[in-house]
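Working notes, structure below.
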Amino acid sequence: MSLTHLDETGAARMVDVSAKDATVREAKAACHVAMRAETLALVVAGTARKGDVLATARIAGIMAAKRTADLIPLCHPLAISAVAVDLAPDPALPGIRIVATVRTTGPTGVEMEALTAASVAALTIYDMLKAADRSMRIDNLRVIRKSGGKSGDFEQD
Amino acid sequence: MSLTHLDETGAARMVDVSAKDATVREAKAACHVAMRAETLALVVAGTARKGDVLATARIAGIMAAKRTADLIPLCHPLAISAVAVDLAPDPALPGIRIVATVRTTGPTGVEMEALTAASVAALTIYDMLKAADRSMRIDNLRVIRKSGGKSGDFEQD
Amino acid sequence: MSLTHLDETGAARMVDVSAKDATVREAKAACHVAMRAETLALVVAGTARKGDVLATARIAGIMAAKRTADLIPLCHPLAISAVAVDLAPDPALPGIRIVATVRTTGPTGVEMEALTAASVAALTIYDMLKAADRSMRIDNLRVIRKSGGKSGDFEQD
Amino acid sequence: MSLTHLDETGAARMVDVSAKDATVREAKAACHVAMRAETLALVVAGTARKGDVLATARIAGIMAAKRTADLIPLCHPLAISAVAVDLAPDPALPGIRIVATVRTTGPTGVEMEALTAASVAALTIYDMLKAADRSMRIDNLRVIRKSGGKSGDFEQD
Amino acid sequence: MSLTHLDETGAARMVDVSAKDATVREAKAACHVAMRAETLALVVAGTARKGDVLATARIAGIMAAKRTADLIPLCHPLAISAVAVDLAPDPALPGIRIVATVRTTGPTGVEMEALTAASVAALTIYDMLKAADRSMRIDNLRVIRKSGGKSGDFEQD
Amino acid sequence: MSLTHLDETGAARMVDVSAKDATVREAKAACHVAMRAETLALVVAGTARKGDVLATARIAGIMAAKRTADLIPLCHPLAISAVAVDLAPDPALPGIRIVATVRTTGPTGVEMEALTAASVAALTIYDMLKAADRSMRIDNLRVIRKSGGKSGDFEQD
């Protein structure tokens, strides 16, 4: 098997998608930020405005989805038609679970956009809480669902 | 305890660092991309040019460090003085281990820059290998070392 | 009535436009920069090259239209097909009137692109003249015409 | 009087600030978004999460302050040390009042950064409410306070 | 003859392409970096990893193609479907020859994207070698082939 | 001799400048756009507003100088203190000569910023004239002067 992002000599290239059909495609990516229980309490407790930690991470994730092709060298620029970033505090971790969903009508999938959105939302949470907790970790970033396109649907935990 | 990135009403803000001294600061962040043994083989085997997977990820990580303040809403823009991204295939995972090191002379630390570099290097590896392996995961992203600044040095696995 | 940019729980999201048709859409936005008569005289008097104040503002506005989705968190990226920024000194204000016109063939309107172009053109004029006049104001930024799309045509002063 | 942003032939240039001292400088800019009373009610009424309209605008304004030199052609890039964007619903307008405060330690002032932050926060509010109200206007954008630097402190309504 | 990028009064504008068909278009641009023979030897000699000079330039060129509309004021943003940047050391120059190929399906050609990719790849080589050789020159940047679109195919040396 | 931008294994890295002093540094880069005499006539003839071709290129060059670290992977971000881009039609070429001058107070030189400014100004001229002349070439891009920094002053044609 060979890698599509390298040419026959092994040089990196942006794969040609000009012959691929534009179809509706969706991808979901997930990860979580693990933190101490006291840190999580700072996010979920208190006034409604404490919601700004999660609101800020959500906006950062949505904006990052649109910057994916700027960040990942061989990604194709594409017209994203929807992005949502869900953030759920989970005392069992303890930490915050993140799921990013991206949709497009285009010739390529949007896994990278969903992974980038989840990743930057997680980094934003880290940034806002790092003064309180230096032991946080961002874990288990992966695609959990993908639909549309020739390679078929895909789902994993 | 309160969060420095929220004001007294809970609204997000960029923390004022105008009274902080500019000192030399360094941060190291690490993560790994877990993949199937066959996928790792595609990266390490073959001609020297196969090195383009790792070279591409290294460049993407270095460039992303410079984009950190553009991606993370409350991060301060700062003059990065050095970035290195080390990528080591590890058959024991199996996968690729990533360590990003960032240095600055400035009023704030560079943990977010190091985490962003490691994160985007990992996403780039994912992108280049995703046609071969949809089960990859990016795991255990954290700061492993930080020095300089008032909060003191810090090290963890 | 509910807001389309918030989901049922009130969280921000990028509205899904994947089911909307791509049609030709146009929007015009306008504003003005109010300044002292002496300041306006610096722009319009003198050699032809003084035109560089207006030329610079025009270019800044056109480039900003292309950056709209990068700046406005929930805006969809879209393929702009035309942008024009008209700048007219008006001694009656005294100041400079700005009209930005943007066209696309796509699933969403271009009001935000036109507003962003007019806004950044106005900010650029402010920047170039601020050493001469600190009392300038940017006023009355609004959409003056919109056509194409399901919501129908619209026009206001 | 001549314009500092044009050379002796009238061509645009970025003014040389290499001989200016780095001092602490602050600027405050303000504007408001005028809207119908029913539109304002959609923002302030309802659940706490409705706060996402204001939270999104606040984040967009903070991020835009960091992009100022990217948007305004002759602005110098500078190391912002603090940004805050305050948003206050005002039933008397009716609408939302915006004040952006930016601080730096550097050779140039931060009026443009404050104006850009206020401007993009206003545009973001417009974007999130435009489906409900096409008659909104962004008005009275100006610098209300500036301190630091050789030109002296300045304050206006 | 008049220039399409200026309106009837001579003001710059982004040409309206909303009436043009989206067709497959390709452009190839080329240039070379001339350097001393000893400088070229530093690139081509040594271990396989020395390949990082060329790999870095290749990635920089590919990423720059995606930033074209951000850099060139009147360029239309477009969905690039493929980019390749070929770099060939040529002892006869002595120096490195660069060819960039870009493809899109859209209403405008991709000459500017190909020229930008070649240009930034050349600048990246310059950057990496400048400590060794201050006499380098980037020469003969031009479009060597263009196909698709109404203006017909084109080829030159 | 070894290359500073590669580590001992040959991997690309951003050179550490944290131990270098911040001094005033300046660089000048030059190139030209060669075109047919008739094409040059379109730029220089006619009304004053035809000046928008040169004004647009000048602005594009200045803005590109500020984007250098975003485009060139191993360039350090730095606080540019002045940029000027001079454009002179030269019937003897025939074509347009470009000189870009960049100044900073910082730990690294600004050759790359000057080269990038000249390069993007040239590409912008190409873009605005390409409908009239497909045979244009961008030639002889090089640093013509550099001062400040430990490596000493430098000058060449």
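Chains: A, B, C, D, E and F, in written order; residue numbering restarts at 1 for each.
Simple rule for what comes next: a contact is a pair of C-beta atoms (placed from the backbone, for glycine too) under 8 Å apart; a residue touches a chain by one contact, two chains touch by 3 or more.
Here the structure is a predicted model, which means the values were calculated and not measured.
Peer 1: Return the chains common to the contact lists of subunit B and subunit E.
Peer 2: A, F
Peer 1: Which chain's centre, taken as the mean of its Cα atoms, is farthest from the centre of subunit D?
Peer 2: E
Peer 1: If you average the CA coordinates per chain, which chain's centre is most distant from that of subunit F?
Peer 2: Chain A.
Peer 1: So subunit A and subunit E: same face meeting same face, with over half the numbers shared, or different?
Peer 2: Under half shared, hence different.
Peer 1: What's the distance between the Cα centroids of subunit B and subunit D, rounded to whole Å?
Peer 2: That gives a centre separation of 31 Å.
Peer 1: Taking each chain's centre as its mean C-alpha position, how far apart are subunit B and subunit C in Å?
Peer 2: Inter-chain centre distance comes to 37 Å.
Peer 1: Among the residues of subunit A, pick out those that touch two or more other chains and give their numbers.
Peer 2: Touching at least two other chains: 11-12, 48-49, 51-52, 55-56, 58-60, 63, 67, 70, 73-74, 79.
Peer 1: Give every touching pair of chains, nothing left out.
Peer 2: Those chain pairs satisfying the definition are A-B, A-C, A-D, A-E, B-D, B-E, B-F, C-D, C-E, C-F, D-F, E-F.
Peer 1: In their shared complex, at which residues does subunit A touch subunit C?
Peer 2: 24, 55, 58-59, 62-63, 66-67, 79-86, 103-105
Peer 1: State the interface residues of subunit B toward subunit A in the complex, per the touch definition above.
Peer 2: Residues in contact with subunit A: 1-6, 9-12, 31, 38, 42, 46-53, 55-56, 59-60, 63-64, 67, 70-75, 111-112, 115-116, 119-120, 122-124, 126-132, 134-143, 146, 154, 156.
Peer 1: Where on subunit B does subunit D make contact in their complex?
Peer 2: Its residues touching subunit D are 7, 11-18, 69-70, 73-74, 76-79, 106-107.
Peer 1: Okay, in this complex, where on subunit D does subunit A touch?
Peer 2: My answer: residues 48-49, 51-52, 55-56, 58-60, 63.
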